[in-house]
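These notes open a run of structures that come right after.
In the two assemblies presented below, subunit A is common to both, partnered first by subunit B and then by subunit C.
Take a look at the complex of A and B:
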């Protein structure tokens, strides 16, 4: 298991122009603690500039933390970064980080060599990985002729060349089309659930995070502001319930009538009439009262359900709250 | 040791496939030093070389004298360029992945330097050897000193290449080293004019370039038939420079990684 506690990263940057530039401290990560278990997919979310990439770089030992501790399966990552490097790998989105003039096979062979994978194992592993990402027929083709999706799939294979126990994915599906993204998500799930790898993923696509992650950490301005499962985060953020109601008849008067009946149960209820549906937002669980109100008014319910809030809505709400607190 | 050798070989093969993808590159690597050589040769032709203050330069061996200088220069120049290639690794993000891996950093630098050394000088070396063989009458070679000097010069060139490679890792702005080291190295190392004819200030500059010692040693064993004893001071200086450079490389490799981990500058390009 990866256990990071109170990680901080401060950069010293030179500000201004000319010869005598002033040095200034910038706190990219102010305090973050997180855990990644084997076989689990953990999401790291935040608004741009929240400190996600810096956190990943600290966990992959590319950056040394200014403060805090970091252990991977009881190995001290701050003291023994080389031992950590043997057990991890990172996959970033985009078309960089592979040699374009080399073929897919040559790329994987090179990375296998620098991870000291034995030659017998390496050949078999390259074939398996190329098959896994669907590039087995393109293994001898230079990468420069690949599409964006094919390059990204090669990145996935590259990230698995040392059979890492933990994998860090920094926006792995950025710029990919829906079909390729779906395939990649399927690979990622397979790696965690079937191969028992611990995975940390960052992404701006909330649907992807919702689909993949067992647990989520949300960062803002270098600190952790929330953590939990998708369900916990959405229900904690949205303490009110949303219902969608579709009736056989539809008019402003009916909406007002239903609103009046519900106000008796929950004075804060909000009822909105949009298109052919009525949207109800309430503090309480009012599904029973809603059904009763419709029956009493002699209305036939065509459809009624409670709308689950999405993670994206929760993130937007959280970022608004954080921004509001910062301003006031 | 096995992981070191694997990484070294992998780096050499990768650099070969990445940069020497077209046969035309060999032509370009040869044409440039060849044109320089021809220009210099015909510039020297107008002077009375027979009255040279340097005993071993004669009108007959002038072409070999210059070729030896350019051959050595090709060795060292290729390594400055190989160091420059690392800036492309930084841009493509592959340098970050090398540092993400547990690979021995010295093996990567050595692989890059050695690959560049042998590939870049290959055509120039063949050409020079052909011309030298055609002018065999001016050669006074003793085999053992010649082989010894070849190994010392190669070791010095590789150490110089690794040293520059390591400096280029420090920052994306290390490109200025290319400008500082490329032309001055040719001017002050005695590729064309022997350093013995330099004024004192220029001699002082020439001392800092390992190429200066390499060229002088090669010329002495090929043109004057110097024995091992006679070139002992070059051998000692050459070995000394190589040892010092390797010590510096070892320190720089550690400092570079520590610096990168503090500043995060590995991702900047």
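Take a look at the complex of A and C:
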């Protein structure tokens, strides 16, 4: 398991122009603690330059934390970064991290050498990985002739060349078409669930995070502001419930009638009439009262359901709250 | 020590070089050798009119300026090529977007840089051999060369060039500049390290600086083994001095490189 506690990263940057530039401290990450279990997919989301990339760089030992502790399967990552490097890998979105003048096979071979993968294992692993990312027929073609999606797929193979126990995925599906993205998501699940790898993923596609992640951390301005499962995060962020109601009849009077009946149970209820449907927002579970109100009014319910909030809505809400706090 | 990183880096560098710079790159580099020889010959023939000052012979132990300057210039070519390849290796990775994936791996830095160095040594050696053949009609005299001693001098010199490359490489990575830093250093090395004239002609303070650059003594060592036929046992003091000085450069270079790698990685998205 990866256990990071109170990680901080401060950069010293020089401001201004000329020879005598002023030094300034920038706190990219102010305090983050997180855990990644083997076999689990953990999401790291951020709002407004939150410090996600710096966090991933610290967890992958590319950067040393200014403060805090980091252990991977009881190995101290701050003291022994080389031991951590042997057990992890990272896949970033885009077309970087591979040599464009080498072929797909040569790229994987070279990374195999610097990860000290035994030559007996390496050939078979390269073949398996190329097949996995659908590049087995392009293995001897220089990468510079590849499309963006093909380069990205090769990068995924590169990230698996050392058979890492933990994998860091930084926007892995950015720029990929829908089919390849779906295949990749399915493979990420396979890596976690079948091969027991611990995975940390960042993505701007909330649908992807919802589909994949067992647990999510949300950062803002270098600190952790929320954590939990998708369900926990959305429920916690949206403490009110949303219902959608469609009736056989539709009028302003009916909406007002339902609203009056519901206000007896929840004085804060909001009822809106839009596009042949009635949208109800309440802090209480009022599904029973809603059904009863319709029956009493002699209305036939065509459709009624509670609308589950999406993670994206939760993030937008959190973002607004954070912005509001910053302004006021 | 399985040398996988060294072998892998050599193979990768060769493949990239071969694909990026096909045969005409080799021809171009060989022509640089020709121009070097031709330039030295023209200076000697038309500027000095074949005459050298008497103290030149006293200082260098030879009146053969052509051989002196050709060996010096070709050694300088070696310094430039080696420094270019080794010093630029990490900044090239940075520019091509592979620095992070490289740094993610638990690879051995020394093997990586040595791999870069050996590839350059192979290709530059081929260029230098061609250049030496070109230099024969211009009057280079290698009849007194002690090849055994030269080989040792060459290996010791490579170590010296490696040390200089590491220091230059860390500066390049820190400043993210290749042109100003490398060209300034190369011009400086050409002027003070005894490439085309003895360092004794320099003012005292510049001579002191020249002495603490391992290239100066390395050029001298290669010259004496090739031109005076001096055995390596006679040059042990020089060998020890180069090894000691170069080790200091290697240690400082590696320490600086490690720090500059961190700064470069911070700057990528910082």
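Convention: the second predicted complex is superposed on the first by the 327 of 328 C-alpha atoms of A that agree within 3 Å, B and C clash if a C-alpha of one lies under 4 Å from a C-alpha of the other, contacts with A are read in each partner's own complex, and residues count from 1 in each chain.
The rule is simple: a residue touches a chain if its C-beta (ideal position, glycine included) is under 8 Å from a C-beta of that chain, and two chains touch if they have at least 3 such contacts.
Values in this document were obtained by computation on a predicted structure and should not be read as measured data.
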Superposed partners subunit B and subunit C on subunit A - clash or fit: clash
First (subunit B), second (subunit C), both or neither touched by A:273: neither
Partner chain in contact with A:221 - subunit B first, subunit C second, else both or neither: neither
Those residues of subunit A which subunit B touches in one complex and subunit C touches in the other: 11, 54, 57, 60-64, 82-83, 85-86, 88-90, 92, 96-102, 106, 109-111, 113-116, 158, 162
For the subunit A and subunit C complex, residues of the former touching the latter: 11, 13, 26, 28, 53-54, 57, 60-64, 82-83, 85-86, 88-90, 92, 95-102, 106, 109-116, 142, 158, 162
Touching residues on subunit B, where the partner in the complex is subunit A: 2-3, 6-7, 9-11, 13-14, 17-18, 21, 92-94, 96-103, 108, 258, 260-264, 266
Residues of subunit A touching subunit B in the complex: 11-12, 54, 57, 60-64, 81-83, 85-86, 88-90, 92, 96-102, 106, 109-111, 113-116, 158, 162
Sites on subunit C touched by subunit A in the complex: 2, 4-5, 7-9, 11-12, 15-16, 19-20, 96-98, 100-107, 112, 262, 265-266, 269-270
